[in-house]
Amino acid sequence: MLINVPETVVADGLRGMAAAHPELVVDAENRLVVRRDAPVAGKVGLVSGGGSGHEPLHAGFVGPGMLSAACPGEVFTSPVPDQMVRAAAAVDSGAGVLFIVKNYTGDVLNFDMAAELAEDEGVQVAKVLVDDDVAVADSTFTAGRRGTGATLFVEKLAGALADEGAPLERVESMARRVNESSRSFGVALSSVTTPAKGTPTFDLPPGELELGIGIHGEPGRERRPMMTSGEIADVAVHAVLEDLRPTGPVLVLVNGMGATPLLELYGFNAEVQRVLAERGVSVARTLVGSYVTSLDMAGCSVTLCQVDEEMVRLWDAPVQTPALRWGR
Amino acid sequence: MLINVPETVVADGLRGMAAAHPELVVDAENRLVVRRDAPVAGKVGLVSGGGSGHEPLHAGFVGPGMLSAACPGEVFTSPVPDQMVRAAAAVDSGAGVLFIVKNYTGDVLNFDMAAELAEDEGVQVAKVLVDDDVAVADSTFTAGRRGTGATLFVEKLAGALADEGAPLERVESMARRVNESSRSFGVALSSVTTPAKGTPTFDLPPGELELGIGIHGEPGRERRPMMTSGEIADVAVHAVLEDLRPTGPVLVLVNGMGATPLLELYGFNAEVQRVLAERGVSVARTLVGSYVTSLDMAGCSVTLCQVDEEMVRLWDAPVQTPALRWGR
Amino acid sequence: MLDTDFFRRWMAATTAAVDREADRLTDLDAAIGDADHGSNMRRGFTAVSDVLDKEAPATPGAVLTLAGRHLISTVGGASGPLYGTLLRRTGKALGDAPEVTPDQLAEALGAGVAAVAQLGGAQAGDKTMLDALLPAVEVLASSFEEARDAALAGALATVPLRARKGRASYMGERSIGHQDPGAASAALLVGALAEAAEPSGGGDA
Amino acid sequence: MLDTDFFRRWMAATTAAVDREADRLTDLDAAIGDADHGSNMRRGFTAVSDVLDKEAPATPGAVLTLAGRHLISTVGGASGPLYGTLLRRTGKALGDAPEVTPDQLAEALGAGVAAVAQLGGAQAGDKTMLDALLPAVEVLASSFEEARDAALAGALATVPLRARKGRASYMGERSIGHQDPGAASAALLVGALAEAAEPSGGGDA
């Protein structure tokens, strides 16, 4: 691992991010990354956050057209309420703040506490939960589906709408609609090694893979002998489509888990597109890259989001963040 | 590995890239990625290429403000002359073409042959060699220093100058100047596994690292017990500065080799900036990310490029490629 | 009677136990979670010990509410708000008495555990920290040793359970056969009561 | 006399040998290079065999120039231009005679090897394919078997050498103790001559 000591990994990362991104305010001590021009008058603020180790999510999505601020927690550990309260205060222009929360017990509890505290301080707060991972049964027997790749879609589309000056309830309902229109499925080809533990979280011998993994090194639901990229695309896309059943065009995110070479990820995208074509699903836009990662895990995930014209327009809208940048 | 069969890795990757980047012409059969609007009237064409497995280098740098075309070879194998000849024909507007060649025997020989053939077809061709890796002694006992991270600087700055309409000889001399002003040093924390071989190219037990590695899984010059991120920054930056001895500000590229988490890379950047400050070197701009990679290798490299005002202006100039995008 | 110092010793003994057992807690979490429970608990209780040294709260209730607030502000994850709420609510239930009886503590901790159940929505048998806390609270009024044994037994009894809450629930059937890390750390917290009550004092106190 | 068919058999036998030995060549390249020499050679000679089947060139010289051109167009890396040049220049030196003597072949291959040395700038002892090709050319006029043995001995003699050219040169001292992959493949090419000369014909011919 390229680290000093496990205890300073997040702070070190933030110091290094500050040096590379003078266009952001990076507060390494308080664990906060904020758009330099926040609060933007009249604009709804978007705050997200979660455990570190998923970079560029979330801090890499802070900037015009996407998040107003991000709160990075310890590695794979959701941030504490103090961070979100501070972030809300920093980005609220009076138009209110939307918390975008991935559905993990820790994130939900900490953001809930933060929302209460921020409201005590006079900030109007709305919350949206992201829960797109079809590998988790959404039932009374689980904590509900996990939030993974759809987070990127929610942050991008809601961020674009907020930049247009939409009020909090419209931004919130767009965020909710994006989440409801999105589903993901992930596959691990290797385990992940956290700085604190120093050895792989689970044993995954070469020649085997885990289907239905999350982004925290949780083992998946099923282990199989190695499959080809085409077979993996079949499994992942079918799993997503079974749950989503889109009736219109989709946004596609073909996401690398961290250690998967871009060359392989592009090859996997070719297979994902094949399966979508076979299933008659039309593709509005495709994004390929390692955006919602799990440290050094090898593997990939597929996220689909059914979109209408407004959503495509919001996707295409200008964005200026470290990790996503286009338009204008 | 997320692949179908080793034989189709490059073609599969290009098909997937085509689906994700309609703004580029991706010719999977002829192994060519070209700016859609090429040839641009009056503009010098920039063609680069090399073995695949280093993505986003080079195809991810094709677009306005950077390369006109890229020629991807087999994994870690330089492309064949036919590709460069075809690329030159596709991008030449009459203003000539610059070949940007990383200094490896294979790349040099294939681009040399291609230059001869393209000139036979009436294209004016200039060539610039990139050889920035200080880990290789540049002597009669080696094939000369390898080309690594400086390639990104050469392609960006020469690309920006070409976009301004500069003639071939000025673009060529800028490319040469950028290369002469740049030095790199790389470190591996794990080996690399190529699709063709399927097992790690060299043995690197956890808890050890290789100093002075290249981007093809060649073993480095020295093996050491694991070091902290700060110690690695000391070694890498000192090695670069010893050779470069900058007298003015520098561009900094803190580059991941493929499997290094962005969180760790940012942390490493904090250490690189510390060493530069200790050595009194002022930093003009910093780029952090996995740009010149070696498949699934864990590790990092540092590239410094001494710059004057013109070079900073060219760095800041708009660029619209899959991997680098800013301005305008 | 349990005075303020007893509560400080309790927190100190918990900090020492969590520090000693951090790797085991993380390994348990690696099996069915995300391999951070040990470092989460260590980070949190180190902060608790630091702030108790600095601020020296004057009552049992104040010790626990301060500890709880600091867990919430430093741990994150699921365990931060849950353990933070546990101690904060227990502390609040103790009011501002300078000393409390074991019965009062048992009752207050019962309120704290109920708050955890409400916040997290978990029930007995869901394979969470509640499976160690609930049986401990029931016997706490009898003796700290009995509570410690009940918590430990409760933690071990999570092994055959299938998780229904928290991260382990994602694994479905595959969560069976592993001890819940939060139940294991809850057993440490309860066990530290007995240590704090020993004449030698608990932990580094 | 060596007719056009002999040259086709030579190429076929080389293709078969390279195919058989591809993993070994790649392993040699993994030790001091980038682990692609086997797949490079296999890709190239597969293309050569395909085009020879399709185009059926009429003279020994035409067989080799066509083969060389296809190696250049399909191999890439350092070995593509070098092996391509070797066969192309050898073919050109043979002119358009319908049959050639072993002496003529020896002389022509000498010209091909000289072209390789010029293109790559390497000399004997630099730990490259030349260390197998140069000794083979010297004895080729005597017999194909002697040439095969000389090439093999030359390839093995690269083990103690320190590389000065190509990718292995980056390793400096650490390149010592490994056989050069290009020298090993050159020994296969030369060895295939003897196979092609056997009555049974070489490879899949």
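Which chain is which? They are A, B, C and D, in the order written, and residues in each are numbered from 1.
One rule holds for everything that comes next: a contact is a pair of C-beta atoms (placed from the backbone, for glycine too) under 8 Å apart; a residue touches a chain by one contact, two chains touch by 3 or more.
Everything numeric in this text was worked out from a predicted model, so none of it was measured.
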| item | value |
| --- | --- |
| Minimal step count in the chain contact network, chain A to chain D | 2 |
| From chain A, the most remote chain by mean C-alpha position | D |
| Rounded Å distance, chain C centre to chain D centre (Cα mean) | 73 |
| For chain B paired with chain C, centre-to-centre distance based on mean C-alpha positions, whole Å | 53 |
| Chain centre separation (chain A, chain C; CA means) in Å | 31 |
| Rounded Å distance, chain A centre to chain B centre (Cα mean) | 29 |
| Where chain A touches two or more other chains at once, by residue number | 75 |
| Chains that touch, pairwise | A-B, A-C, B-D |
| Complex contact set, residues of chain A against chain B | 1-5, 8-10, 12-17, 19-20, 52-53, 55-56, 60, 75, 189, 228-230, 232, 254, 258-271, 273, 283, 286-288, 290, 293, 295-296, 298-300, 325-326, 328 |
| Partner chain D, residues of chain B touching it in the complex | 6, 51, 73-82, 104-106, 109-110, 113, 135-137, 140-143, 146, 194, 196-197, 201-202, 214, 216-219, 221 |
| Chain A-facing residues of chain C, complex | 26-27, 30-36, 38-40, 43, 72-82, 119-120, 162, 164-167, 169-172, 174 |
